[in-house]
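Consider the two complexes below, in which subunit A is the common component and subunit B and subunit C are the respective partners.
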Partner chain A sequence: MSVASPARTARPARIDFSQPVLIAFAAVLCVLIALPLSWLVYFGFTDRTGAFTLENFGRLLADPAFVEPLLITLVIAISVGVICCLVAAPMGWLVARTDMPFRRTVRMLVMASFVTPPFLGAVAWELLAAPNSGLLNQAYRALTGASPDRHLFDIYSLPGLIFVIACYTMPYVFVLVSNALDRIPGDLEDASAILGGRTADTARRVTIPLVLPAVLAGALVAFLQAMTLFGSPAILAIPAGFHTMTTKIWSLFHYPPKPELAAAASLPLLLLTVVLLRAEHAILGRRGYSVVGGRQSDPRLVRLGALKWLALAFCFVLLLNPIFLPYGALLNAAFSRVASQVLSPGNFTLHNIEFVFFELSATKLALKNTFLLGVSAATIGTVFALVIGYVTARKAVTHWRALEFLATAPVAIPGIVLGVGLFLSYSRAPFILYGTLWILLIAFVTISLPAAYQQLQSAFRSVHSELEDASRILGATRLRALAGITAPLLRTGVIATWCFIFVGVIRELSAAIMLFTSETKVVSVLIFDLNESGDLAAISVLGIMMLVITFAVVILANRIPGFSGGVRLRDA
Partner chain B sequence: MASVELQGLTKRFGALAVVDDVSLRVDHGLLMCLLGPSGCGKTTTLRLVAGFIEPSAGKIRVGERTVSTPGRTLPPEQRNMSMIFQSYALWPHMTVAENIVYGLRLRKVDRETIANKLAAILATTRLAALIDRYPGELSGGQQQRVALARAMIVEPETLLLDEPLSNLDANLREEMRFEVRRLHDQYRYTSIYVTHDQAEAMTTADLIAVMNAGKIEQVGTPEDVYDRPQSEFVARFIGSSNILKGRNLDDFRIEFAGIPLRCVGIKLAPGAATSVSIRQHDIRFIAAPAETAENVLSGKILRQVFLGGSRDYMVELSNGTQLRVVAPAGENIAPGTSVWLHLPAERCRALAR
Partner chain C sequence: MRRRGLSRRDVLKGSTAIAASVFASPIAAAAPEPSSITPALIEAARKEGKIVWYTSVDLPVAEKIARAFEVKFSGVAARVERSGAERVFQRIGQEYGSRIHAVDVVNSSDAAHFIVWKRDGWLAPFVPEDVARHYPPEHKDPDGTFATWRAWLSVIGYNTKLVKPEEAPKSFADLLDPKWVGKIVKAHPSYSGTILTATYQMARDLGWDYFEKLAKQRVMQVQSSADPPKKLALGERAIMADGNEYNLFLLKESGQPVEIVYPTEGTPLIVGPNGVFRDAPNPNAARLFQSWMFTNEAQQLMVEIGGLRSFHALVKEKPGRKPLREIKLMKDDPVAVERESEAIKARYTQYFRV
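Let's turn to the complex of A and B:
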């Protein structure tokens, strides 16, 4: 150390590139989010000549063709919210806090229903419970000898639609509740017990009050999902002869298109989403689960005794609906000569697979587009989330809050609304992107940004900022510290984020349905098209392939050490 | 050869001035301790020096260079400083050796020099056996030594230490204090050391700057701040003192508990009120006093605690003031006993603030 070293001499000042880079990202974000929203507002408040008017909203409120979908949407959303809480909250408790057997399996199965695209579930339930051809109705007639015009279930109905939406919304509530329960330290319950609280007292006075905010938040999220969902209502409500808000907005683009009405109808949906998300934030934010100080002990599990088998049966019966029955129906249809016949050696066929992959001309293109979009959206989205996550976690620029707001704002934009906004923005000069894959790419990046951002921001927070500071004080620039220190430490989080964006993109339908053209079809849109032409067997083949890819990617992401799953996927 | 100088340094977060008009000079090769309770702004001051944050007012000079002013702050990587962090901030994905030589690699030092310096610093910090370990495989004390080695191998102009020992257990902390001082004596980097532990400051520092609420209360050698506190805060915070408040009688005496109390320190302004500090172990129990005795008070023992080497008494005076007195353990005075206390005048320091 006594050697005179070149390190002593002051090194020449280097330019810090981080500021311009950050400003560029902020600008792109602004365009990404502000542009479609401003066009929405503009169209909503103008007539065809471009003059200011409130007439669009007036028509919306006066015309029963709009009021009815609005009311139906509210009925669906409220019912789904209530059903999900009644069903998923007890399930979350059973899994997190009792000694019920197969808790891990139940968790995994719920996660499986989480990643199942809801529109695929809707198609599967067509196979199961269409009034005439539905497998369950056939079974009912076979068992009871009822006449061929009798049926037990009709999925093409409001209750049917509510049921199917609830099946695939339930996991949101389940995840919120079981996570909240996981995070309540056992000490809190033990403290109640040592003071004389019996199990029931402790549950009533400690556990339930602590978890109630999560249940409420879950109800709101379920409401939101049901309200903004496009695929299931489009598949089940339209044949039944009614519309929800999302399908109504979509139908406004059918010839002759009425973009001003679509914009006007989108704005209330947007507003309601923002309000509900703020409510969720307020509910979860106030009492919070941040339990301060001390080492946390594992919770003690409630002993159910013999009841545990009953509890398990309860869970499995519930999981029949989103998982076992639909998956069975899809497999059945994929390998059966007639989609609505039960598979037997007599009608087994591989023709459906051959048809989808070799005869159906649209498949190859849709697969290529989906793959291309999935990979690029995941890559771009991850890079964006990484940069913004860094800036906000480290408060690296003065206006980091604005960046955070921009990155999380899309969560409040329902897919269909974003689709309308992007259509309005990019189907006219100066940016004509409609008809290209670019517009879909923009949609997918925007949609996946909030979840990716939250994921990576918390990853950044887990890397102590002093690790970077140490690198900088030893002579590394900000970018160098990021590349040499932070990036390697974040690797697992980055891979996981990429995977989840990819999975989210291949199942996206509601924005894609507004933006695709015949050359830019993706697999989810192809499935939707095949449903309109009644080709359920082909859907089953495509759907199973989608599920296999999805599960492969999810399992891969969960295998990465140091990463705990649970990224919130948007609904298609 | 660089000194570090803070001139009127201020950092506001919103309306709150966390660092409030701090001026301080650390001459080359000295180790300055910023000592104060948590939240007093000492870590913010250190991060201002490092360049992680920009001052709201004032400036920081290193040698002849001005490195921080509002609006123009040299980034940390260009300051030729090193820092030891409270969390150690060892990179978990690099081995001990990789962690230590990181700064040299950035400086594009050639392989051979790196190897030589690494060997030297490993010997000094007694880490040679651990070079291939990852930080997660080290004990707290070992991690601490790696952090020291990593900071010092680049031969910084200025070394910054942010509560470097606060994560260690008591025994190790004591050992590492001397280690830090030994390494400082060996290399003589201009150092700023932030701590809230006065024993740590006493052991390591050439100079101590006591901070409170964003301001510097007093700067001096450890003897200065301990023996000659200038403010009530310093008297209470460094060691622990009894504070006696009374009205000034003349230039050197205050009236306290009915007697004139002679004290030293500052010249008193007659008529004003002054606080006087006296250390707990400077107060003596005496037998019945002579008529002419000065600074003698009567009181009653409230309680006592046996501390092994000494006894810690709480004594209540006739005016209700409670004093803590630390006396040799050999003499055992039972609670309830009436006693005489002698407060030697040369130990009673009148405080300016």
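Let's turn to the complex of A and C:
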């Protein structure tokens, strides 16, 4: 893309371009984030003539059709937060700190569930647990002889929705917890053991308090993810007869569109996110980081003895839900004449594959758009995160805190809210980007920036600045030192960040659904459209293909010559 | 004025109105001379190379029609942009509001949309030869901006494995029987033009309290009118309260356990016009596509592979499907749908909660 990498801008002359480049980055960030948010606030507080009003909020609060989705969303978010911690934290511990067998495999499988778009998971769970046609319910009836209108699971329900969201939110908590456990040095635990503490005491008094901040952070991330998710609720909640905040905001764009109400409905989500992030900061403060860094010994692995097989069984049973069962259902539907029938020689068909690749005229365009956006968003996002991460880690400019704030601010903007804001910003003069891939690119870069930044910033902190200092003493500019010294040392982190953003783009539906046009459709939107007309088999084929492409890109990115070092997505 | 949305749309309408009054002073102009498919048109279409068709017809049917067009006129790719009619309408409004002219030809299952598009001056007057010669006057716009490309019904259906024929509902009133609680699937008027049109006709003929009672049957709410037939075929629900007759024809003919019921109160008739956009990015390909779509050949194909119904005088109904004239129909009324669309959607959401 057209954003020049800092390395190239610096090389020819020996002028230090640092300040101008940094100012430019800050300006771009301001526009990226401030513009959509100001339009959102403007629309929320004005009527159609542009006069100031609080009526939009009044209408929302007076209407039970808005209050109810808000409450339902809170129930979902809290439940998902709690479930994810209960499930993913123990799994993270088992993988990071015990001698459970197949730990790497479990890590990989959790990452596979991270790569799976939540809306695809929701469709797969429709195939599995729709009350009558769901494969699991059919199996239940066949095994127990229950009557045809009895069912074990109903995915079109609030608990069903919470379950599916939890399945694909769990990896966030898992990554936070297992990474924290990887980083917490074994010294303290060793000290506890030397002083005579039993394993249980050590866990209770040392390990758990140390990892608690990560668990809390995980709960918060899970809460925010569940609150702002669009695809799964749209697929499962509407058949069940209720709305969440995101589907309600989306429905406000149905004809006749009510952008002022959509903007007003977006602001509570935004506010809640900001409050929660502040609360997390206030509770955790610096506690989470004090033990990390410096010299450390490898953590001791807890010996589970015979229990280790039980632990492994626990992990695999959990992984049935986001991985094995849904992937099985998608594969079954892709090759079956009727999506709700188990594959047999009698109903095997290649028709669905043929339909998606040779009849469906949107496939090629959507794939091209998605791939193009994935690669460019990942590249631009990584460059942004690198520069900002460097500046804040080295405190290279005076107002580095402002940059840090700007880079992390999008965390507080739910995808659908950003989508509304970007649509309001870029569908009118002077910036008419709606209808082009640029508006989607902006959305994807903005959404992925906070996580990418966090990741690279911590990577910068782990590289000591003395090598850079040496280079600068020898006459290199700051950017030259960055390109020549630090960047090569960071390549693992850079690749992980790139992959993280790429996967994020593939998963993203909530902003895309607000911003696409027929020419700029992406695969997630195509799948969403197919779901609305009930073409589940076509979704299965497209979904499987998308997963294959994503895995291939992640694997390829990790095999780029010169970039050895076994990057795992868990670093994300 | 009920269907007015964003203020910028009004601004746009104002400007097109001015443009219309400048360029087309005889506003009451009748339809233009019918156009046939000429070698020059085909050549011009090939130069453009593609045509984008926004439609709400079920995707597999739409894609088959598009592929047949591509076979007939090699070198002109037909891209289908399929979504529910109400979303197609919203999408075109949103795109035109941002000066994005991506649509060449449009087909909607909500005939009321054509009233709005025509009023806004967005449709090009263009009359294919077949429309002029073989279509009844009530199925073509007097000003030549659109004509009925397809027709079908919104029917009741049931899964024959889950419901015996003698127990199946015979009327809309039968759907209110407590034995169907939790067993009904139904599509949504905010998404589907078919359902919006049907909801208008049913509310007019049966009263809104029918929907109020139906909402208490714990119906499974899906979006597209193409989805309830598919949910029936999967066995996910036993009964569909509304949805496309043509999907049920196709599923039944491919051996799926579904059956159609034409309710005794009358069946809502849906017409889906086709029109060319004035600012179509591929104007010649658009006209070629529009002309071909109304030929006897394309209309017969639409009937055979799509299960749809045609008003082309030479098209024959497929044996085994109940002929249209034998079915008691509810009367369609696009003008009233246009007037009441927003109120219908609001009232529906109030009863069904989504």
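Criterion: the second predicted complex is superposed on the first by the 494 of 572 C-alpha atoms of A that agree within 3 Å, B and C clash if a C-alpha of one lies under 4 Å from a C-alpha of the other, contacts with A are read in each partner's own complex, and residues count from 1 in each chain.
Heads up, the rule we're going with is that contacts are C-beta pairs under 8 Å (C-beta built on N, C-alpha and C of every residue); 3 or more make two chains touch, one makes a residue touch a chain.
Keep in mind it's a predicted model, so treat the numbers as computed, not measured.
Once chain A of one complex is fitted onto chain A of the other, the partner contacts of A:205 are absent, as it touches neither subunit B nor subunit C. Residue contacts after overlaying the shared chain place A:466 against subunit B, while subunit C stays out of touching range.
Of the two partner chains, subunit C is the only one that A:355 touches; subunit B does not reach it. Judged by the number of subunit A residues each one touches, C leads among subunit B and subunit C. Using the contact criterion defined above for the overlaid structures, shared-chain residue A:488 touches subunit B, although it does not reach subunit C.
Once chain A of one complex is fitted onto chain A of the other, the partner contacts of A:368 are absent, as it touches neither subunit B nor subunit C. Remark: subunit A residues 1, 3, 5-8, 10-11, 13-14, 16, 464, 466-467, 469-478, 480, 484-485, 488-489 touch subunit B in the complex.
Listing the residues of subunit C that touch subunit A in their complex gives 3-8, 52, 54, 58-60, 63-64, 66-67, 77-84, 86-87, 89-91, 93-95, 97-100, 102-103, 162, 182-183, 188, 190-191, 218-224, 226-227, 230-231, 233-237, 256, 342, 345, 349-350, 352-354. Touching subunit C in their complex are the following residues of subunit A: 48, 65, 130-133, 148-149, 156, 237-243, 251, 253-259, 338-340, 355, 359-362, 365, 427-428, 432, 434-435, 517-519, 529-530, 532-536, 538. Interface residues of subunit B facing subunit A in the complex, by the touch rule stated above, are 50, 52, 74-83, 85-87, 89-93, 102-104, 106-107, 109, 113, 116-117, 120-121, 124, 150-155, 157, 160, 187.
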